[in-house]
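These notes open a run of structures that come right after.
Next, two complexes with chain A in common: one pairs it with chain B, the other with chain C.
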Partner chain A sequence: MTPSDARHPILTVENLFVELSRKKAVTPILQDVSLSLPEAGMLGLVGETGSGKTMTARAIIGLLPPGVHVKSGSITLDGSELLVDNSTAMREVRGVQIGMVFQNPRTALYPMSSVEAQMKRVLRAHLNLARPNRATRIHEYLRLVGIDDVRRVARSYPHELSGGMAQRVVIATSLLCEPTVLIADEPTTGLDATIQRQILELIADLQARFSLSVLIITHDLGIVAQYCDSVSVMNEGRVVEHGPKRQVLKSPAHEYSERLIAASDLRRIRRAKTSEPQ
Partner chain B sequence: MSSLPMGNTGQEGASIAIAVEGLTKTFHTRRGIPNVVAVEDVSFSVETGSTLGIVGESGSGKSTVARCLLGLTPVDSGAIEVLGRSLVGAPAKQLRSWRSEMQIVFQEPYESLDPRYRVHQAVAEPLLLHTDLRGDVLGRKVLDLLEHVSLQPELARRYPHELSGGQQQRVNIARALATSPKVLVLDEPTASLDVSVQEGVLRLLLALQEEFGLTYVLISHDLTAIRAVCEQVAVMYAGRFVEIGPVDEVLSNPRHPYTEFLIGAELSVDPDVSPLAGIVRGEVATSERPPGCLFAPRCPMRVDQCEEGRPLFESVAPDHVAACLFADRSVDWSD
Partner chain C sequence: MNAEAAIMNARQWLWLIAKRVIFTIPILFGVATATFFLTRLAGGDPAYQIAGPFATDEVIAAVQKQIGTDMPIGDQYAAFLGDILRGDLGTSIFTDRPVISDLADRLPATLTLVILALAFSLVFGLALGSFAAYRRGRAGDKVVRVGSFSALSVPDFWLGLVLLFLFFFRFGIAPGPTGQIALGATAPRDITGSAIFDAAITFDSAAFRAALHQLWLPLMTMVFIFTAPITRLARSAVIESLTSDSILFGRACGLPKRQLWAYATRAALPPVVTFVGILFSVLLSSAVLVEAVFSWGGAAQYAVNAIRQNDFPAVQGFVMAAGVFSVAIFLVVDILYRVIDPRVRL
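Our next item is the complex of A and B:
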């Protein structure tokens, strides 16, 4: 029994329809997507490539690609509607109330600035801090994400960082303005097993320390099983199943979730010829 | 009834398809930047018709081993014998003609294909290079290859960008099979594919191996893929093999702390099966190569003795060796 679903939802998506309009053709991208992220909970959003996971995240933070727009639906953060046409208000949400960790840490960072310079830009845009306090805060947050040689990393450019280190910097940046919600889109894809574990443990640790509410987008059901409270399964732009992780993973109600879980367990494939005498 | 001739599959006695001894490769860099030792003293052999998996993290040297196996990257020292031919020092022209019998499938299915070639052109390319099939015969051979990798003939006129990742990888496999190779090196063939698509590609690889008696070297960082298709597995860390043995034995009874960690780090889809409690701290040091065990700086079992020299392989079970001073002990992962 996970208590998470009983908790007050901090972020909700209700009956969200998103479509791509190109010339006269309209392609539905998200169809009737509803999600609920409990306060201080961790919700996994899983599905395969093209299922609409990332589009859902981008709709939440108001960063849909050109041509893609919300047709109808509602997204609320702590009770207030985000789907209002007000870009100034949205800027206050994005990066301040909602932190975002994008997929590829190398491309999420700006290649032409040092770590410190780009983190300062975030602070300048959102927080009214006296100049000397900015560097202190940046160093504090870099230490928070487990970086030991803060000075060297702060001076580094993204290409000088390893993938794991770059992801730590991205996480530190996303937390700079003390958001209540963190959206992590495939935060460990492309990282090595040892580093994946480090990053996941870091996110779990930060979540517990700051009572963050985390929406983690992944195709890896192992992450859901080990780190999330609840899970929503997406397929072809729809949420096909939602529930506490144990319920969904152990006794999936939807046929698609069942197939996804089965496919994650490649142990079913076996070599036809097991140690047959040569 | 194979319609893909496998060439002269004579020599019944030669049951070893690949033999590598003391393979070492250093990449030289500009002055002032330390050289990168990609592979250091790696030895293994693969029996004909079986699969060796090489597992390790990025930068561990897996792909360099793969490239050396085909003579695509010259080695510093060591011996490589594939299908009874010594590749080290062989002239490029010779290597090229031998390569029809040893092929590679690269990581990125889309990047591996020429975007301007339609599927049938891509599959015909190796045949035009290595055989004298032309015209209708060539066309039939291409369709036959597509059928072998379960691609519908309608896809033959498509361009790579019009295919899904799984279909692209099947085209790459068809290309690799075109010249009837005996050895196939698979460099992360499923890394960028969705889980359900991975399964299809792995099943295809197993079926092809059975049909044509292929010998595989499967490079992967994914233990589930390794477990599904390999007989033997070698674990690579910072350019060296640290453990090698039968896949079931190594994965159920790992004797090197790094292997143990890799297995323990797998996140089960069953919420009631917890992963290993401990995590390995730090990152692989790529530039520093201390004289001792390369894993020692991150190892929870490290003692001073570990830094004295590279640990030798210790036999821990039949055909199962591990390069750790404590290969006979279990790791205490608690912090």
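Our next item is the complex of A and C:
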């Protein structure tokens, strides 16, 4: 047990079963998933595409796709159960207690409104601020995520932003109402390699600065190695391994984790080779 | 936005409009050419109808000379184009008045019907379509889908007759098919030729009520039919935008349902608005039948009579006018598109 794991868990998922029912056929999606996100810690959730990482995140935030539902299990945030059938209560959790960042920042932002307009709507949904204070807060958060030209970006429409800039705006939006937990679902997948690092550094920085608890979903073990405290490995809808980062990466107990690590090493070597001539 | 940007913006808009107007010229040339030859292809010489069934060859020849159908087709075409360039659509063979003043008298009545029908259909179609999209797969959605499908298969003139039968003949709450203003009712001062519009701009409330009384049944006929395709398109467009990443992110940020609904509906607007532009010309042809049923006395009814009587100039004039208005509607659609969707460049 490392210190990070000993910390009080803020978000726990216990024995979560999620299934897809279409007509009469029932397909299990998640089977007996348990996770524990330590307070002010960073947990990496890794696994290949289709292993159930995103479904786990969406179950936590209560936004499973149509036809997919939780069969049994428990999800608690700071001790209170989230799996109660109450959509208004969940709306108060989303954005206020849990913020979420998605894979493709350019499609996550609403294309028809300026950055400032859509951030204002999020603020207005949760906090009762006077009009001028809203603008101030939006600018403050845009600055917080490392945007220098705040005025211009606030006025911009999403399609006018670069991918990295858009992801900064997404992060600023999801943190706008000061959630304690941030779920980042492959936050760097859709970005250029050089930008990926900046966004990860930003998340790590914000995590440290605000003692955020971050659940980061990725298939890149390099990210886990560098930024996370602990890691859970998923495969085919199950958590196959969980533990402190060092332990899992150095001596994986599960054969699947081992393969994942081997694959990621290969990838890193390949990437280094292709980037050399530049 | 600072002043400089505002000027730039205004310039871009003007340029867009200018470009469209320039493009209109070849379009209208094409429309003019097509109508000219199509009316001639239809066969028949109006001279025979004017001269009557018992006229001698000399009389017919005299009439032909008078209305110009004795010239070779090429000369007729050249004369026709020359007249158009001077803004002259010719003289109607049967009313013996310039086609342009015949149309000026009658088009406002038709446009009132068509534009109001378009506006109401757009509002109802969007509302019903997004409602159905929200209740996808549930009872409300099924009702809207079955309803719009049935409305799609109803012919407009038939619906007009059925509505007349029910509301005029059976229930007596609608007026008979007596045009824009009933006989003996207070008519507004004739300014444009559209009774309801004239009453509105002269603040004549009695005439406005009288005109509205005449208007609602033909309007309902057209709205009923054109709401259906808009509803179906709006439904699928809203469903698509509801499943988009930005709505998911909005939900993840805890936006209220109302806001998400507004997001999805607004994102669905561009295809719907484009479709409404296309629908305009369909509505014009539907107006032909609806006007006939309700004796509306608009330009569409005028065109039908002109076709029946081989009144070439009148037919050509109507088609040209319809072309101009269609192009104008497309310009409006283009502008709206850019207002709605910031991603579309000016």
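Here is the rule we use: the second predicted complex is superposed on the first by the 264 of 278 C-alpha atoms of A that agree within 3 Å, B and C clash if a C-alpha of one lies under 4 Å from a C-alpha of the other, contacts with A are read in each partner's own complex, and residues count from 1 in each chain.
Keep in mind that, in the parts below, contacts are C-beta pairs under 8 Å (C-beta built on N, C-alpha and C of every residue); 3 or more make two chains touch, one makes a residue touch a chain.
From a predicted model like this one, the values you see are computed outputs, not experimental measurements.
Upon superposition of the two complexes on chain A, no clash is found between chain B and chain C, which fit side by side.
When the two structures are aligned on the shared chain, A:S264 is found in touch with chain B, with no touch to chain C. Residue contacts after overlaying the shared chain place A:F210 against neither chain B nor chain C.
Contacts of A:K250 after superposition on the shared chain: chain B is touched, whereas chain C is not. Applying the stated contact rule after C-alpha superposition, one finds that A:D192 touches chain B and leaves chain C untouched. In the superposition on chain A, contact is made by A:V170 with chain C only, not with chain B.
After superposition on the shared chain, chain A has more residues touched by B, the comparison being chain B against chain C.
By the touch criterion defined above, A:L221 reaches chain B but does not reach chain C. Panel annotation: after superposition on the shared chain A, the angle at the CA centre of chain A between chain B and chain C (CA centres) reads 80 degrees, nearest 10.
Of all Cα pairs spanning chain B and chain C in the superposition, the closest are 11 Å apart. On chain A, the patch touched by chain B and the patch touched by chain C do not overlap at any residue.
Across the complex, chain C meets chain A through its residues 244-246, 248-256, 259, 263, 266-267, 340-343. Contact residues on chain B toward chain A in their complex (touch as defined above): 15, 47, 51, 57-58, 165, 194-196, 198-199, 202-203, 206, 210, 221, 224-225, 227-231, 246, 261-262, 265-275, 279-281, 283-284, 298. The touching residues of chain A, when paired with chain C in their complex, are 61, 63, 91-96, 99-100, 102, 104, 107-112, 114, 121-122, 125-126, 157, 159, 170, 173-174, 176-177. Interface residues of chain A, counted against chain B in their complex, comprise 48-49, 162-165, 192-198, 201, 219-226, 245-246, 249-250, 259-261, 263-267, 269-273, 275, 278.
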